[in-house]
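Here the chain labels run A, B and C in written order, and each chain numbers its own residues starting at 1.
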Amino acid sequence: MTAYIIRRIIIGMFILILVTMLVFLLVRLLPGDPVMRYMANFTGTGQQNVMTPEQHDAMLIKLGLDRPIPVQYWDWISKIFRGDLGESLGVQQPISKLIADVLPRTAYIGFWMFVVGTFGGLLVGIYCALRRGTWLDNTLTTIANIGMTVPVFWLGILLIYFFSFKLGWFPMYGWVNPWDDFWRSCSYIVLPVASVALGGIAGMARLTRSCMLEVMRTDYVRTAWAKGLRERVIVVRHQLKNAMIPVVTSLGGTLAMILGGSVFIETVFSIPGMGRLMTTAIFDYDYQVVQASALIFGGIVIFSNLAVDIAWGWLDPRIRYG
Amino acid sequence: MPENPVESKPDDAMGAIAAPPRRSEWRRFVRVFFGRKLYLIGFIIVAIIVFTAIFAPLLTSYNPEKNDLPARLQTPNAEHWLGTDQMGRDILCRIIYGTRVSLIIGFSAVFASTIAGTIMGLAAAHYGGWVFAVIMRVADVLMALPAIILMMLIAGMLKGGGIWIVVFALGFGGIAPMCRMMCGQALSVKQNDYVMAARAVGMSNWRIMWTQIFPNAYPPLIVGLTMGIGGVVLGEAGLSFLGIGVQAPTPSWGGMVMDGQRFLLTNPLLSLMPGLAIMLLVFGFNMVGDGVRDAIDPRLRGVI
Amino acid sequence: MALLDVQELQTYFHTEYGLVKAADKVTFHVNEGEIIGLVGESGCGKSVSILSVMRLIPSPPGETVGGKVIFEGKDLLKYQPNGREMRAIRGSKLTMIFQEPMTSLNPVLTVSRQLTETLELHLDMDKRAARERAIELLRMVGVPDAPRRIDDYPHQFSGGMRQRVMIAMALSCNPAVIFADEPTTAVDVTTQAQLLELMKDLVTRLNTSLVIVTHNLGVVARYAERIYVMYAGRIIESGRSEDIFGHPRHPYTVGLLNSVPRLGERHGTRKLIPIYGLPPNLINMPQTCAFLPRCTEKIGKCEKEPWPELRAVGDDHYISCYVDIKGK
């Protein structure tokens, strides 16, 4: 098991390094140099010739963009390892400080989205599998099918319209830090969490249900029936753990989906989190911030995939002793 | 196809039912596909959407991109059934033309990622060794970023380049999952004895790949294609909602939701109707995808 | 009085292509301490018959619609398939060994857990006693180093060893009847012989009855005392092993025996004759004998009259055929 975990960690680190390259190259190799794009956007004129060539060159040198790409990459990555993510062009602040401000917010709502989505989906999926064919199963499965298709941002807007505007139960948008005023912050996060969690519940319920049904048809479950065990024992002891293997494997993907959803939801509800930071940076061509925030997103996904791999090994003895 | 005499199949507990009469594949497809209400509903939705996209100019007399400022922000009335937006454009008209944008982007991006993903996946599965390692690590890296973040990076950095930039971003985002799926499928097909047999008679690698592996690995490909369209349309709507997808005045449902949000309290339809259109389209394609999956290969149920 | 008496068992499957009579009026009995064989080609309904007795037919699509299964004076078909009474019998008095040792054990539970759960359930043992007994069982079925291997997972065992674990599981509560569904089909020939010897030894020692379901005539020839031959969902011939092998009376059994080589026979002394044609499709079958299209002995009556019931042709020897090949 230890060897397995170490191997997964090494692979994870390797992929993280490749992700830094991907992010760096995507931002640098796309046409136009960052200074030109930034300045054209900054002045709002759309013209790229607002600087004299001398000013432009001076800016390039100041930002280190005159050097070859590999050197720039090395410079960037070695700074990252020292905890320096660079400086934002737009707000003239260290990016690490910007991220330290916004990341906890995204992490906090992301946590709730993940918990509600995963556990809600598991419960619905298991229930539907055990009571397959009943009207409640059919209804829930249909709702899950529809839930998979709802755009997160649209659902957010719909919820605002009904629950905030029509019913007045929750504030329409905004953010309060839970560590400042926990109860008030709850009323602010209910709708954002619900918007993203619904899709999570739907996807997780569909997957859980089909995995449970798959396991029900296996030979070893038939063996369990042949032993004269009760249905509850068969479900809990023989089916759940096996059915959870593919479900747990998909959790990394679920988390990625939730992070993606939070980007939209932060825009809809004006929550100053990672997604807002990155969206704004894209609009401002603040390439340093774009790189850094994409990297953070990638890092979170890689880290959670690592956790999933370890959980998988814990669940499945074929991996553990493999 | 005439009804062949039945072949005996390997035994199992239900051995008795393992030898159904052979029917034409196509008839089976139609029977399974139209046998379930949900699949039929999905098919009808898709048919209506494709019809709307093709005959858009006949269904509305307005121009989706022309401003009419005096008529701006009207609530639903006899002339503008769903009202008008902040530029005085008819919402219904923009939704109708929006089907074109969604479908063009959806189909192009899915085809692009399918072709690229299939070639990569098959190559990885077939050649193995370092080819496999390199391709799979590339796929890992692409999957390490949430899809929307990857698309935002590409579309955002190429901002304002029209719908083909969006197609590029979405297509790029779809390569890795497709590649992984094809690779997995091809690897399992490769285990079969007939591939070994083809190798034994001296068939070239390339021919084995296209004549033995691909035809047997294609069912999930077809399903992935159909299901992919829904995902891509959602992605396009998302990018446009964030303002880095399809740019105004081209009618895009995601963009309309974003524009409408500002006027949510006065005319909620501005924002909610285009979203409903997105849902319908995605639901339709997902159901057709489920139906195709069940009809092509019931063993795939729950696998994809 | 037989230990287990199955009378006119009917199990049907509702498939998308039509009704399949997978077991049609199957009648057989098992005496105490006896080994019987249920023989037939793939898909002839032999597995379905014993799964019906165990009430393990998945429903839908399957359904046991008629007949009686008398065990200890009670008709098991009167019970709910997964009700309390049936569960109390299943796994303790009637047990099963399945065909696929690779997939019939739960991959995420240790062998110990899978062995002890029946002991705890049916014999009310506590964890400690159950574990002791499980180790003893593993020793009994010849798993080497049992005290250590008991905490291993199924994937750490070979196919043959896993089947031994299945046998241990089936034996654990001193059952009255063990049903072995193609127990040796999935393992190699040497292991096959070892497993069969082991099962025979154990059931003789414990005075348990054993029903071997197989398509392999060699298996039953050697071990079974009585044999039932099935074709297309019905029993078409039954009798003592030596009668069936020495003097088969049904054209299908005759054909079956002519198509396989026998042990001790000199090469070339007898030509092997295959049965031409394929087993019938069980969907919407005609009333006439299902073997008719392949039969070389048919007479005019066969085409007109329905498939005959079993009739006695000798001492404890029955066939369902208008023709009796005696003397040929």
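Going forward, a residue touches a chain if its C-beta (ideal position, glycine included) is under 8 Å from a C-beta of that chain, and two chains touch if they have at least 3 such contacts.
If you're wondering where the values come from, they're calculated on a predicted model, not measured in any experiment.
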{"item": "Identity of the most central chain, Cα criterion", "value": "B"}
{"item": "Farthest chain (mean CA position) relative to subunit B", "value": "C"}
{"item": "Between the pairs A-C and A-B, the one where more C-beta pairs touch", "value": "A-B"}
{"item": "Distance between the centres, which are taken as Cα means, of subunit C and subunit B, whole angstrom", "value": "49"}
{"item": "Approximate Å spacing (C-alpha centroids) for the pair subunit A, subunit C", "value": "54"}
{"item": "Between subunit B and subunit A, distance of the C-alpha-averaged centres to the nearest whole Å", "value": "22"}
{"item": "Residues of subunit A touching at least two other chains", "value": "222"}
{"item": "Subunit B residues counted as touching two or more neighbouring chains", "value": "13"}
{"item": "Parts of subunit C lying in touch with subunit A, wherever the complex brings them together", "value": "54, 56, 82, 86-92, 95-96, 98, 100, 103-109, 113, 117-118, 121-122, 153, 155-156, 166, 169"}
{"item": "Sites on subunit B touched by subunit A in the complex", "value": "13, 38, 137, 140-149, 152-154, 156-159, 230, 234, 237-238, 241-244, 254, 257-258, 260-261, 264-265, 268, 271-272, 275, 278-279, 282-283, 286-287, 301-302"}
{"item": "For the subunit A and subunit C complex, residues of the former touching the latter", "value": "218-231, 233, 237-238, 241-242, 245, 315-318, 321"}
{"item": "Residues of subunit A that touch subunit B when the two form their complex", "value": "14-16, 18-19, 22-23, 26-27, 30-31, 142, 145-146, 148-154, 157-158, 160-161, 165, 210-211, 213-214, 222, 256-257, 259-260, 263-264, 267-268, 278-279, 282-283, 287, 290, 294, 297-298, 301-302, 305"}
